[in-house]
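Chains here go by letter, A, B, C and D, matching the order in which they are written, and residues are numbered from 1 within each.
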Amino acid sequence: MTKQTKTELKTVLLTGFEPFGGESINPSWQAVKQLHGQSINDHQVECVELPCEFGRSLEHLYQAIEKHQPSLVLCIGQAGGRSHISIERIAINIDDARIADNAGNQPVDITIIDDAPAAYFAKLPIKTMYKGLLEAGIPVEVSNTAGTYVCNHVMFGLLDYIARHFGENEESIQGGFIHIPFLPEQAVHHSGAPSMSQTTVVAALKLLIKNGLSSGPDLKVAAGTTH
Amino acid sequence: MTKQTKTELKTVLLTGFEPFGGESINPSWQAVKQLHGQSINDHQVECVELPCEFGRSLEHLYQAIEKHQPSLVLCIGQAGGRSHISIERIAINIDDARIADNAGNQPVDITIIDDAPAAYFAKLPIKTMYKGLLEAGIPVEVSNTAGTYVCNHVMFGLLDYIARHFGENEESIQGGFIHIPFLPEQAVHHSGAPSMSQTTVVAALKLLIKNGLSSGPDLKVAAGTTH
Amino acid sequence: MTKQTKTELKTVLLTGFEPFGGESINPSWQAVKQLHGQSINDHQVECVELPCEFGRSLEHLYQAIEKHQPSLVLCIGQAGGRSHISIERIAINIDDARIADNAGNQPVDITIIDDAPAAYFAKLPIKTMYKGLLEAGIPVEVSNTAGTYVCNHVMFGLLDYIARHFGENEESIQGGFIHIPFLPEQAVHHSGAPSMSQTTVVAALKLLIKNGLSSGPDLKVAAGTTH
Amino acid sequence: MTKQTKTELKTVLLTGFEPFGGESINPSWQAVKQLHGQSINDHQVECVELPCEFGRSLEHLYQAIEKHQPSLVLCIGQAGGRSHISIERIAINIDDARIADNAGNQPVDITIIDDAPAAYFAKLPIKTMYKGLLEAGIPVEVSNTAGTYVCNHVMFGLLDYIARHFGENEESIQGGFIHIPFLPEQAVHHSGAPSMSQTTVVAALKLLIKNGLSSGPDLKVAAGTTH
């Protein structure tokens, strides 16, 4: 690593969530916290645990962005039932909660940010990140929905923040959302549910950060779905 | 039906697709064509089969809209592997084809319409339509992704057309997309794939049209997903 | 139908179950009762609803066999979560209940019949029956497990009864078990669960009876699983 | 480990399979070979790779049993698509191959051993082994079918060998079959397929061996299925 002063050191902001939905752990925070303080491609990784709450999760995220001035923000969340690492392509401007969040709120069909567009695409080279995991032998998919719960809420809020604060200079910051499977110890309690070991998830996050920081145009690799 | 002149009769435009992906039939057109010429809530149903092709599918759709001047457009497509009727909530401005369309084209990460937004929400009372099927005992879900293939392409093009042509007077037209499962005779060839009988699908489409024509604000019924 | 006296008329015994596991209906009895009194291949169909209880279900089954002296016994049960009609290949000599039966009993790892073998193969031309549904366009599979609950209990008890009572003359009676999916109105309450319409199930049962009555050796059609 | 002469040392025989079905590796052999030569509960682990062939797989297994005189035989196989470690409860006396084996043979509805019973229950304390993995946080299930391919063929042949060779003295040997998921690097090529890391599988195998060697009656823990 080249010598840098504290203020020169670039940062990556990585967030995970606290547990929700009856789980005692959240695999996103379990994995994210392993990377706190590590250096990846001359960036220092800063990790923050977000509350699983509409509204307050974004307050915490915005505070962390203002504090750390990251060049890349990756928010990580649990997708119980999915088997592959999911790189989210898009966030949509709506909350529609099947279950209450950790503060007891359950918004149904509420616009997240009133004067914002219907959706934002991830500000990430998602296909470069996708191909990086494929080549490393880690199960990965591009997902076209982050749901309508707190994960999508955070992804939408993050991308709205970037759009509003970085105007013409948008190359200075990237951001998006990654969903990860249950940990094995969670899947034990969910009949037939897939899982992924923390070792694999942490290896995936490192590669996603590395490739998420890459400059240049994204790869063109088919990774869509017919429905 | 009350007596009406030709020009007074309101219409619903229902579209299905031709077969794709190695199938010999497409359940969307098989069901849609059963409703051609029928009258539902004082609207006559006009049915059109769209080619499973990027670009040309929208040309056919726009011609049909101009010809029939419908007050409701429902485009129906096959979602092989899904078990429930899916009311699509949103269409996104990207083509990412895993397989070539019926003209041999396979766009990857191509913006559908350059000066359009990232996404459009369905212009439909989706929760009213959802609740209508629930109460009729027909398996239904609200889906937050129509994929990135021709179905999403058509849904996005439809909603863009409505946004551009109906400006302030948007109440005069509604539109959106419905995905349906395989027919049983298709599922025979797909190990473990769910299916839905044509009788059930046709009954669902009638209810979706009826409730899609309803005026007034949409219901607030939770039907989101956590991821 | 040729003229026959009462005693000459051959019968098929078809059984369904009462609801269990929190459901208000059981699709097996809903379908089975449609066929009561019908004539298929010169056999009259007699239908009986079995209690969803270990032990007592078999008492009812044995009484019905003794009363009707059927040449074919098909027991039908609900397999919520399966998408295809399942022709069961084998029943095993064990009860292992995840949930209590309708009488509140929950046997765990209890041998069903002490001096019986570990398993009985269905006494049915299962591949002839399988091919018949395939050709009719009805989703079907050969299943290698009927579970360890009341369905397997009834299938095992049926085949043990046949083995003990028909000795050398086994050609005079056939028997086995068929699992069917949820009805659509049940799947409404089970997110993502497949279903099959009653019309399709009843058509399937007629074909299964017809082909189950066929004489001659069974077809050799691959329908196994790798695990 | 206490001092023992060569002939006194007890052994566990662990088998995995060579790749099949288009895969370049088989996770069963990848995991099994990690344990070769290790000592678990005063037993030395001997590992053998079996060909994925009807018939010849059993010849190799029988040779290995005769050579190593194991007190426990665990055969391990790949169950692509399953998400949990599966402890197989029963093996059935039939081959029904959907795809040809590695020698090009595809038996359909062929009895494996003519004068053998319809099925054998695993000669293992399956619930003790099941509970051991549950408590270690490793996803596990009791499976009631090992399929009708080479895995079931080997399990049936193993249990038949034990039944024929150990008569009254059956306590001297235990045996059964374990199915494991794809490795992550395999799941990369199977859209949506679950996987399990080799580290987790190897940890599971160690626990399964340890608990498989336990004496005393098996635990009574419900782990059945309704179908």
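What we mean here is this: contacts are C-beta pairs under 8 Å (C-beta built on N, C-alpha and C of every residue); 3 or more make two chains touch, one makes a residue touch a chain.
As the structure is a computational prediction, the values presented were derived from the model and not from experiment.
A rotation of 180° superposes the C-alpha trace of chain C on that of chain D, rounded to the nearest 5.
Shared numbers divided by all numbers used gives the overlap of an interface; between chain B and chain C this overlap exceeds half, so the copies present the same residues. The greatest centre-to-centre gap from chain A, using C-alpha centroids, is found for C. Averaging C-alpha coordinates per chain places the centre of chain C 31 Å away from that of chain D. Between chain B and chain D, the centres computed from C-alpha atoms are 49 Å apart. Our note on geometry: chain B versus chain C, Cα centroid distance of 39 Å, whole angstroms. Touching of two or more other chains is recorded for no residue of chain A. The complete set of chain-chain contacts reads A-B, A-D, B-C, C-D.
Taken together, the chain A residues at the contact with chain D in this complex read 83-84, 134, 137-141, 184-185, 187-188, 191-197, 199-200. By the touch rule above, chain A contacts chain B in their complex via residues 21, 77-82, 86, 89-90, 92, 94-99, 106, 108-109, 117-121, 127, 142, 144-149, 151, 179, 218, 220-227.
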